[in-house]
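Going in written order, the chains are labelled A, B, C and D, and every chain counts its residues from 1.
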Amino acid sequence: MSTVMGDGPASMTNPIRVLIWNEYIAERKEPQVAAIYPKGIHMALSDALSPYGFRIRTATLEEPEHGLTVDALDQTDVLIWWGEYAHEQIPDEIVRRIHARVLAGMGLIVLHSGHWSRIFRMLMGTTCSLKYRQDAKREILWVVDPAHPITEGIGQYIDIEHEEAYGEFFDIPAPERLVFISSFQGGEVFRSGCEYHRGLGKIFYFRPGHQGNPTYYHKDVLRVIANAVRYVGSPHGAAPTFGFWEPLVKAPKS
Amino acid sequence: MSTVMGDGPASMTNPIRVLIWNEYIAERKEPQVAAIYPKGIHMALSDALSPYGFRIRTATLEEPEHGLTVDALDQTDVLIWWGEYAHEQIPDEIVRRIHARVLAGMGLIVLHSGHWSRIFRMLMGTTCSLKYRQDAKREILWVVDPAHPITEGIGQYIDIEHEEAYGEFFDIPAPERLVFISSFQGGEVFRSGCEYHRGLGKIFYFRPGHQGNPTYYHKDVLRVIANAVRYVGSPHGAAPTFGFWEPLVKAPKS
Amino acid sequence: MSTVMGDGPASMTNPIRVLIWNEYIAERKEPQVAAIYPKGIHMALSDALSPYGFRIRTATLEEPEHGLTVDALDQTDVLIWWGEYAHEQIPDEIVRRIHARVLAGMGLIVLHSGHWSRIFRMLMGTTCSLKYRQDAKREILWVVDPAHPITEGIGQYIDIEHEEAYGEFFDIPAPERLVFISSFQGGEVFRSGCEYHRGLGKIFYFRPGHQGNPTYYHKDVLRVIANAVRYVGSPHGAAPTFGFWEPLVKAPKS
Amino acid sequence: MSTVMGDGPASMTNPIRVLIWNEYIAERKEPQVAAIYPKGIHMALSDALSPYGFRIRTATLEEPEHGLTVDALDQTDVLIWWGEYAHEQIPDEIVRRIHARVLAGMGLIVLHSGHWSRIFRMLMGTTCSLKYRQDAKREILWVVDPAHPITEGIGQYIDIEHEEAYGEFFDIPAPERLVFISSFQGGEVFRSGCEYHRGLGKIFYFRPGHQGNPTYYHKDVLRVIANAVRYVGSPHGAAPTFGFWEPLVKAPKS
């Protein structure tokens, strides 16, 4: 009846290894985007998240294997995804590779137009389509699950002066935890913070972040992303086995 | 302020159009299966469901387009799926066709080893893997959501004398409604009745039904399937539009 | 191996017995409300729902036992609740009586300010508090679960010209099915159509219906309520037993 | 556009303040229980959890205000509850006090027979009844949500040699995250690890722990409780405001 304790608080001492993936297209082709994110959205996020103690790397579309090699993913606890124009350029093999890593426990944060990324659609099993309008007006994201750790450090709502509008119906499975609902000036609403478990992995979709607006300098938006890194990067259980299974209990004839 | 009422109870008067799909392999190759289901599992189900007033058709793997033509699916309100050996023989195009029909509102009931069908895996976004053991011992399915209409007419549990055992972890998204949990003689448990919405469609996975056992003559199993036809065949809302959207509200400068 | 079928479609032939409860105060004290609902909100709802084939009765606060006798509840399949000023006048015994009936399978539809009714708070286990503003401006209710039968017969959204505004955080357990999200002109959002199971009973909260607006003449609002009657009035399973339980399986020493 | 970061990883450096509440009756009256837990279940848990770095206190029924004073609760991040015989001895005022603290963000872990505690029933809104049989046989708890941080450090299942059996139907709201399902030797299953959010608070129900078995010396059981302390003690968002609310957006006439 002696007790061998678990690894205790030790798991908190290893920094979470974050890989920020950005297609990095608009920032190099569209001057108004370059003006906002001169080093790319990935670097803006990397700079903003660094005070939180994560071990951060970045990857972009133009790298070999789009920066998503087996090695890179194996060393990633949380993958952050931003993409808009190049969704279809990610080949099957890499999409399946990320998919397998999520099911094996890697956290995934999908930002804004990443809703249409191949990996998000594959994980959701739906089209992930929605309504949109690029009018750079006000978005208010209301917290509807204040018990969720992802809401730590922000108020009752996040107020963004200029953002693209998205509208329902957002064709996703009902979020297992719905954390934010957005209101837009045209009367639209949107499920903007959606949390899921898939296999051993945790997934968070977070809506804001059109490349034409300085959204990734907004302190509340950054705080949510940092919280989400911790959340989807938090521990998981043991890998299950599948297939033929011997009984644990020797059953009587029934 | 005059009121134009909806179509009232009329929607209940159209019989639900059910298509029962069965790969129909084991019943023709394995004598002990043929002895149980001489006309095939699809016909056993068709016979059993006919008293409920559904309009029932069947389809099998060997038919042109595996019996899953555009026309056939367009005239289907609820598709029931049984398969085990031929999952990979269903081509991409047909899997995508069924997928689109589900998102457009067709109900889907996936039985037993259909958990590994391509359509179920595509809709779930996970591997849908599990543990199994073909020992034909006792399965008890406990009702854990007695408010669910799918449980109408059965007791607190369903008792099946001989069934294949499945075990957790079942790699699916957490059921949006978990209706049954099975107990097996080897100490296994299994989430055996799982309900989901995807797009406009409703999905029900129901575990029992190994081809080597006379499970589809068990009155409670049949009652659940009949209830499930009504449930996933019940009405849905309007098809959403996606893409660019004009504001409903003319917004002020914010 | 003979098959005794269930009761088939018979369950659909009994009309659902609806009891519409209204405190019936504002309609008698406030002329502008009386002008909208001269016979009371309960009678407006009764008139509007009658084409659907339900068997409808009404009850109000001033009746003996507030119209909520054991007999009345025993003959009720679906209870619709509207209240605003008199929540605290419903005594413990009657709240517990309704609570027991819901757990035993009676459907419950809670409208608008009924979020603060004692029965809803007791069933939710939370304060059910929210933000509000009686400014009679536009409410748009977006369908976020178009697979749900409650959305049958309406479009992508419901547009109400004049309604009281509610805002998040709405202190309820996360809806098991979230069907509608409202947008208000002040930038608020609200989870306006929330579905729950409790015991054998099904519950639907539906937000619109301030007494100062003619909301219960709006055809889409009425259609949702009619759909909800069918939904929460749909069948349930067997009553469970609790307490000491003999094993179904004679277990070996383990 | 300067960025003020959140409080970063600082929140992890404050130890979680845990209050372990135990009615502490059986351990003093029943010799066979005293033999297992000579200092009481609360002290066994306190000893086992201390290596995890929590700041732990205990409280029992016989203390003034049952050890649940306003001060004690105000200094508690996570309350662990064990009770069996004395549920009805906790007065309304204290139940409401705990309830308010949970909604304000205090985590709550309810163990075993605590399912019938007044605070758990009040939070759930249901009877929380179940089937039981004190036969001290084998319980196997299967992980059905291995992405959940509560499953860190254990295997695919927890195997307990001697435990009281519980059986479904467990009259609770469907768990928002179902983490464990138990199998018992009599053929019963049970939803044994159930997670909920209520207001700002997180709740975890964990089944094992009959006083007559040495369950709280089982390393996996202890690991789950330690993980649960971290989980329900993890951060939450800002306290919402309720009542009248001025519009954030100055709305146009619509």
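What to note about this one:
Everything that follows uses one rule, which is that contacts are C-beta pairs under 8 Å (C-beta built on N, C-alpha and C of every residue); 3 or more make two chains touch, one makes a residue touch a chain.
In this text, all values refer to a predicted model and were calculated from it rather than measured experimentally.
Seen from the Cα centre of subunit A, the chain whose own Cα centre is farthest off is C. In terms of C-beta pairs in contact, A-B outnumbers the other of B-D and A-B.
Computed centre separation for the pair subunit B/subunit D is 36 angstrom, with centres defined by C-alpha atoms.
Subunit A and subunit D have CA centres that are 29 Å apart. For the pair subunit A and subunit B, the distance between C-alpha centroids works out to 31 Å. Each of residues 138, 140, 143, 145-146, 156, 167-169, 174, 176-177, 185, 187-188, 197-199, 240-241, 248-249, 251-252, 254 in subunit B touches at least two other chains.
Interface residues of subunit C, counted against subunit B in their complex, comprise 1, 3-9, 11-12, 48, 51-53, 105, 138, 140, 143, 145-149, 151-157, 159, 176-177, 185, 197-202, 214, 217, 219, 222-223, 226-227, 234-241, 248-249.
In the complex of the two chains, the subunit A residues touching subunit C come out as 138, 140, 142-146, 156, 167-170, 174, 177-178, 181-184, 187-189, 191, 249-252, 254.
Contact residues of subunit B toward subunit A in the complex are 103, 122-127, 129-133, 135, 137-138, 161, 165, 167-169, 171, 173-174, 176, 185-188, 196-199, 240-249, 251-252, 254.
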